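There are two complexes below, and they share chain A, which is joined by chain B in the first and by chain C in the second.
Now for the complex of A and B:
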């Protein structure tokens, strides 16, 4: 084949942040294939230095407008790990519920707003307003309902207020539990309609053997907040050893660091969680998986969207069960905490290092803090899921392009864009850290 | 007030017969003058001629409520940097509303207005208020607060029930 192709998508749409796709094929041979990450670094780790460990979650929440709860929880977990504080069972349940709401919100937006237009044959979400008005309204209704639950639970739609180191400053009252239950039980009808819509989606055929990474545990629950780090290549290690898994390295075309574990790259996110923890999904999520033809291992990255939908069912049903249990047992309000910056010394402070590892919508998120004996942050490190996926997306692109050379340039471009979008990248969050060496200072 | 509202704005902010107007305010009270929308919403006194919905920083969440109100006219009020004088009001054409990229993290006002237009068939307008500052702090600047107060007074007087 002597085909020459040049793809240069300079502004990839329907992803968060700025990334470019560059593909160069000469005489039928792939010369170049890159996903350029061109966002500026965010310097959040620098901002955390010198700040109290008790305010870190409010700062890191601002890393992301959609994973604000995930960053808050990873931050709190790292802080509590460093301080040696063990949260109560009730606190862990409520945190899991909060994470479920964020995952549900984010997945729904990704499925409907960013992926569905490609699968329904339109160029963006906007034409769907006319052609699929019911679908648009359903997507926005589901998003609003997740936001409303977050507002009731943690005081805001985004950037939670009441979730802090030690627990919650305000625990839901009975009327709050009933309101949230009402919202989520009603959401089931929209979830059912979403599943029916998804059954009509036809995803591109592509498969590449991939190492998938997520939290894993030996207990019965689908791991979101606890467990070891595991991979489909057999890696297993405690979360404190996360750097041995991520092995970050710098490449010249990306302001986000790349990562690799057992092989050239690895993937995190809904598909990774599905592949590693399928047995622990809620029975209704397993039913959804069966109806959608998903059974692990799945190595088609386009199907990350389907894994997200299965997780939506899991999050919804598990959330309803958490709320029903809290309603039946009653909430222990004596656990409400007033910590602030720990001026009253409510939580004993000691020097140490702690790691938080939380499964957020796009994959596993790490926060690590080193603190002094007054609780001041000396060093911080955050590794964001998209940063871990970027290298894997590139490896997928390199495998995919030679398989689709018989297609037109427009078709190739669309398939590449859809591939990147399938990972639901949050590019502006991933470009969080860059080593800058000033010469002559 | 006559200096604040030009002819187009005065005409827009005059109730029309057999027409219900919905005012949707947008903005964040944590970003200085970007909080002018929520501030205006708190001062408006809805009547049979107009309703108010405060969209805050997630205006997409009030779409269902807006559609249920069935308005004939929708007016968005938000802080907008059009290089004017702080506190200046301007009627902004729909094509000048930023068409920023849609992502899971943000839904542009242009998309929200398209959905509302499709579902309500209402005529949609945008009133921008030039901010002095949108830094991370609470409270409006003196200039923006004065304009907001005047606008609230004007709307409440014009749209009050007989």
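Now for the complex of A and C:
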């Protein structure tokens, strides 16, 4: 077969940030296949130098509006690790809850507004307002409800206010707990309807053996906020060794650095977590997985969206349980803390380095800071989930394109766009952090 | 009446302010009843070069950005700077605290040559801006107000008094009384003292009031024994590109 195909998608839509897809097939042979990351660099790591460690959360939250809570939690974890500060049990519980809400919120946005239009054959959710009004209303309602919970818990979802190094500046009152519980219990009906809708979705058939990476632990809990680093190829190491896992390298066509572990590339995200930690999902999430025909290992990247939906059920149910526990036990308000720039020395400061490794909606996120004995940041490093996935997306593309050469150029373009979207890339995140080397580390 | 065509654009930013639009929930459908969104890359694949109102998020940080924003300005009848990155440079402006070549090398080392970058500018330093929606992120009730004004052809005046005014109405305990530095006294109101209501301090994300009570602020620092450079350092988190405004004014004489 002789066929020439050129796909050049400039500024891929319905993803966060700026990326281009380039495919070049000549005489039926794949010549070139790339995901270019063209986001303008923002130099966050450079900008952090000289700032107080107590400002790191506020600044790094601004890396991404969608996963602001995830960056917040990874940043806090790294800072507290560097300072040698141990958060209270209550604080950890509330942080887990916050992470669940972010996961839920982000996954809902991705499933309904970014992926569903492709599956329903339209360009965006806007035409769906006419054709699928109840679906659009449900999506916006679910998104709003996650947001309302975040508003109560941390002031707002985009750049949370009250989650800081040391704990929370404001803790939910009893009426707040009841209100959040009420919202989440009511969300179950919409979640059920979402599962029914998802059963009707037809995803492209494609699969490629892949190394999946996520947090793992030896406890019964589905690890999101803490754990070791693990992979489906059998890697296991403590979080402080994350550089041995990510092995970053630079390619000229991307302002996001590429990574690899045991093989040419690896994947992070909901599907990776599902494949590594399926046993630890909430029973209701396992039920959902069964109903959707998902059983690990799943190696079709398009099904990351389905894994996200299964995680939505997990996050919702686990959040309800956390809230019920907090309600029964009562919140200890003496733990409310205002740190500011640590003017009052609320938190003892020492020189050191610390690592945060947190599972955010798109996969494992690393923050690392080195601070001096006054708490000033000397060095900073962040490795973003999408940065880790970009290389894997390209490997998928290279395997997929030869399999679909008989399709029209428009169909090929759509399948490629859908593939990239399935990873839910957060490009503005990934392009901010590249190629950071620390002398003497 | 024809619905005005509205397009969203993003430059260097986290896209969180655009997300605030999706966070309206079902009320978004009411807004969409009044306007015709022709472009919104984060959530739509539709594209159009024909629009009346441009809502622009992010700061200008490359020479490519400069050309692109000029084109948008030439097309749009109304241009709204949306969020701190667009209105004051915001967090991106922290880059201007460093030597440009030095910070590029720190982040990209040998790869620095691939990435062209200029000092961070808010939009109004490059093109004329008709409306400002400050905040990191934008405060939704204010955005709705501005949008109404823009669609009705009315002007919107950003409050030019300190966040403290709103903070007092909200009966918060003053951060300075807790021994913590806060930028409320020099920062523009309009956010309903969002952060302080939630127990945190003001970081100055809406920009400085045009005529800050300098002596009053110095008295506060004196009273609470707070070094001036702490406050200046905090101001530089969001407000660094302001220097470029001041320099320009000096230049114009």
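Points worth noting:
In this text, the second predicted complex is superposed on the first by the 432 of 441 C-alpha atoms of A that agree within 3 Å, B and C clash if a C-alpha of one lies under 4 Å from a C-alpha of the other, contacts with A are read in each partner's own complex, and residues count from 1 in each chain.
The rule we apply is simple: contacts are C-beta pairs under 8 Å (C-beta built on N, C-alpha and C of every residue); 3 or more make two chains touch, one makes a residue touch a chain.
Just so you know, these numbers come straight off a predicted model, no measurement behind them.
On the shared subunit chain A, the superposed partners chain B and chain C overlap sterically.
In the overlay built on the shared chain, the residue A:304 is in contact with neither chain B nor chain C. In the superposition on chain A, A:129 makes contact with both chain B and chain C. In the superposed model, more residues of chain A are touched by C than by the other of chain B and chain C.
When both complexes are overlaid on chain A, the residue A:424 reaches chain B alone and has no touch with chain C. In the superposition on chain A, no contact is made by A:194 with either chain B or chain C.
In the superposed pair of complexes, A:57 makes contact with neither chain B nor chain C.
Contacts of A:392 after superposition: neither chain B nor chain C is touched. By the touch criterion defined above, A:137 lies against chain B and chain C together after alignment on the C-alpha atoms of chain A. With both structures placed on the common chain, the touch criterion links A:113 to chain B and to chain C. After superposing the two complexes on chain A, the stretch of chain C that clashes with chain B is 75-83, out of 57-65, 75-83, 93-101 or 111-119.
On chain A, the surface patch touched by chain B in one complex and by chain C in the other comprises residues 11, 13-17, 64-66, 109, 113-114, 124-126, 129, 136-137, 140-141, 143-144, 147, 157-158. Across the complex, chain A meets chain B through its residues 11, 13-17, 64-66, 106, 109-110, 113-114, 124-126, 129-130, 133, 136-137, 140-141, 143-144, 147-148, 157-158, 424, 426. Only residues 11-20, 22-26, 28-29, 32, 37, 40-47, 61-62, 65, 90-92, 94-95, 97-98, 103-104, 106-111, 114-115, 117, 136-137, 175, 178-182, 194-195, 197-201, 203, 226, 230, 233-234, 237 of chain C touch chain A when the two sit together in their complex. Residues of chain B touching chain A in their complex: 56-58, 60-61, 63-64, 101-107, 111, 114-115, 118-119. The touching residues of chain A, when paired with chain C in their complex, are 11, 13-17, 40-43, 45-47, 49-51, 55, 58-59, 62-66, 68, 109, 113-114, 117, 123-126, 129, 136-137, 140-141, 143-145, 147, 154-159, 161-162, 164, 168-170, 250, 252, 255, 336, 338-341, 343-344, 428, 433-437.
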